[in-house]
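Shared chain: subunit A. Partners: subunit B in the first complex, subunit C in the second.
For the complex of A and B:
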């Protein structure tokens, strides 16, 4: 009986969670005039016009491609540098380790508004403005610390006897790390990959400051829907629905790593 | 468990340090530079010492925005952390239902922040929005553009809707990482559900919950796009949070010096409270072991 109550509460939560998203979907299937004049729970005269515009207009769909490109780049860089560092923080004590660990997180704490100008100057000086790599590296500022923190938490949950036993068995460090250790913390890697993807995907200020046309992200393209005649709500809603898709695919791929959890029996 | 002392571990940390330092140190120093100078144009700058800091610290609108910010972040933490943990506990553990729930949870997190505000503008409109229309049908007098309390309720709803899934995902991953053997031992001992939560699940979730609390504190304290789009800081100044006030100075009046001084004070406040939360959470529960 208790389990059923729990399920009902969970379903209720998911319904509430989906309501604003359903409303966005509803809007994306209607024309702007229809949205602004009538209230209807289900689109009476559904149209795919908004989606067609996004898929046929290069200024729209290139925004998606740019975002996917730099976000993927950022996720790969973040995980690659964060994995060994998180291992070091979770296993070794070294000079300044605690300070370094907390310093990393302080990079998420600065209000972005005034920092945008120096960022622009810095990346102009090295000639990286309007490139995907510039956005990917600048996003490392907040994603790498997060990746180190999350991974360190999961790594510290793995008993150190496993490392010691592997070394006694004659594993080299790279072989131990990739074949024994990484599979053990795959839950953590799945969560981290999703979070890096997500935070880089929704970040607007830095991405917009560092790009003009060639690497312009989708979130910046969407602000263009504000025109002299007011907002095109239908188009914006369709673009919003489409921004959810890539990330939903990412979590679908990592879901097994999150859901399966911890299997100590592997070693 | 003592960690292995070995300074060579630095070699594993250096790549992270370099990648982060590129974007961290130079912009920070530039902002510090702005904060102590009066800049008229290229080559025309004067050192003004702490003048901007004194001006900013004496600003009454900033004090008001600061208290609003503390109230907002406090409410965010008090609602989202317990709610997130409860939902994570209720989530299915495996199978298609678990996969499905995870994907659903991720949806609000993936919408760019400016779009979230825009969607909620329509969603809460009494004539054409689902939320606004429902409230009206219930006969409640509700208008987030005119009354401060209603604006706050709407913002909190949006915030809880948007970010609780992040707490759930972290807590859920933490729960999944608990080996089955712990639960078996608890069953043998005949432990109650609450005892399992208090002595197994909660201590094991401390790491992920620390991250959840710090992330939610930092991001809610720095919140900008969603309230700016939804309420524009109004009605009056009732939802003007620190970052909205900062952007008014930095972009609206283009006072780079005071804005930089403000940014540094802002950063130090976030730093101080994050450190206090971190210390408290590191200590909490260590007595159990």
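For the complex of A and C:
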């Protein structure tokens, strides 16, 4: 009896959770005229026209490519910067290390809008506006502190004696770090990459402001569907579905790591 | 390799971990660092390894100053108290790791790894990961990795303390053999006096960041330089009582008269402290000239075939170690016997002034087989 109750509750929860996503999928498979005239739970006349338009029209699919490009760039930069930083925080004590660690975290407490104007001014001065690297670097402000924080937790779980033993065995630092240490914290790296990816993927404000055409993210492209004739619902829904896909894929790959990360208490 | 510590100190964040220490370890010698927890054994080892730099002082290896050079440039191997292996490498790769770094050819490497694994009885486990091994096997892997390197200095920081009793006994025997055949200068830290006695070699008694005494293990055991060494280098700690010596006899506590044993004859009359190890206290007289004490039983612990009797009276709180199982009631009054021949005499400044002759038959203080 008890199990049944729980099952019912879970089913209800998932229905509520997945209803908007299903509705989006539903819309994405219908034409705009169909959406606006008839109400139906299942598309009566399913069409892939919306998806075809996105995959064939360069102004649409380049949005995805741009997003994927700067998100990947950002994840790589964040990890490259955060790995040595987290190692320093976990292994060495230096003057003000705890304050600095906290200061890093406070960067995440400010809303992105606070940094919008200075970033725009700064980036246009150095001519970085409308480049992928501009968006990737601006997202580092939020992702690097988070990455340092998560990685530091994982690194502190590795006994310091392993570092010393490697030096005794004759490893150089880079070699030790890459062949011994990184494999030990790969769970943490997976979790960190996931969070960096997710933040950068959904962040719209900075990405839209710092780009105009060449590096325009998909979320900005989606606002284009507003035209004089109204919204193109079907196209917008198809774009939305495609936006979910990369995130879902990443979650699928790191799902075990995430569970472990939660167990370790840092995520 | 001769290792010399020349007036070395180590301070960390305003705290002194090692007070000024000078020490010379002969090439190929076996040195036991004996001291209680927090004595500074690990700190000393880390200085010897080059993992930490001394705050002041110098380290010389074969006469060459190596104070500034890091651990990578020295010929050192170390085994930790915790079982430290590379968790992501197999046992084979763990043992091979120091050899790979030294650029040994594949065939020679394979041969050495397998020979070392065989000599430590882990040759059947080479494909396993360290997490799939038992504690004893993990420590064997760590030992194999340290030994296969054939380094000049081998540091073992309480390597057996996290193992259970039986494994410890077995592995200690094997280590004895390895130390005997090896050429490395070995430093072995332990808190257990009987481990030091079993391993033999030289003992360095450390306490509270200072070296209290160095010398051949059996000699240090028989002649503890101070009361503190006596406490550290005996388990249970040495029993102490204040007393006086006059012309023809000694008085222990408040009036137990003791005839002077041969080693006490030359002492000037005056106040002294007398020490006796727990295993020289008996509940029945062993000899005609034994002296008798009466005391109350505070606790009687039975550990297998031995009984530890904690007793006290107005002058002292002692522990007697008896063969066999004895039942005593708490508060029961008993008589303890000891022979003056087993009394160590310390001066007012707690330094040793007289110790029994080494010819005294040493009764079983643990498995004393050196």
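Everything below uses one rule, namely that the second predicted complex is superposed on the first by the 222 of 267 C-alpha atoms of A that agree within 3 Å, B and C clash if a C-alpha of one lies under 4 Å from a C-alpha of the other, contacts with A are read in each partner's own complex, and residues count from 1 in each chain.
The rule is short, and it goes like this: a contact is a pair of C-beta atoms (placed from the backbone, for glycine too) under 8 Å apart; a residue touches a chain by one contact, two chains touch by 3 or more.
Because the structure is predicted, anything quoted here is derived from the model rather than measured.
Of the two partner chains placed by the overlay, neither subunit B nor subunit C lies in contact with A:135. When the two structures are aligned on the shared chain, A:187 is found in touch with subunit B, with no touch to subunit C. Partner contacting the larger number of subunit A residues, of subunit B and subunit C: B. Within the superposed three-chain model, A:54 lies out of touch with both subunit B and subunit C [touch as defined at top]. Looking at the shared chain after the overlay, A:29 reaches neither subunit B nor subunit C. By the document's definition of touching, of the two partners only subunit C reaches A:168; subunit B does not. After overlaying the two complexes on the shared chain, residue contacts for A:73 are found with neither subunit B nor subunit C. Overlap of the subunit B and subunit C contact sets on subunit A: empty, with no shared residue. Residues of subunit A that touch subunit B in their complex: 6-7, 9-10, 13-14, 16-24, 27, 35-39, 41, 77, 80-82, 84-85, 87-89, 91-95, 97, 100, 102, 104-115, 117-119, 121-122, 137-138, 140-141, 144-146, 148-150, 152-154, 156-157, 160, 187-188, 190-191, 194, 198, 201-202, 204, 218-219, 222-223, 231, 233, 236-237, 239-240, 243-244, 246-248, 251-252, 255-256, 258-262, 264. By the touch criterion stated above, subunit B contacts subunit A in their complex at residues 1-10, 12-13, 15-17, 19-20, 22-24, 26-28, 30-31, 34, 87, 90-91, 93-94, 98-99, 101-115, 118-120, 122-123, 127-131, 133, 161, 165, 169-170, 172-174, 176-179, 181, 204, 207-208, 210-211, 214-215, 218, 222, 224-225, 242-243, 246-247, 250-251, 256, 259-260, 262-263, 266-267, 270-271, 274-275, 278.
Across the complex, subunit C meets subunit A through its residues 49, 51, 70-72, 76-78, 80, 82, 84, 86-88, 97-98, 101-102, 145, 149.
Within the complex formed with subunit C, the subunit A residues making contact are 159, 161-162, 164-172, 180, 183-184.
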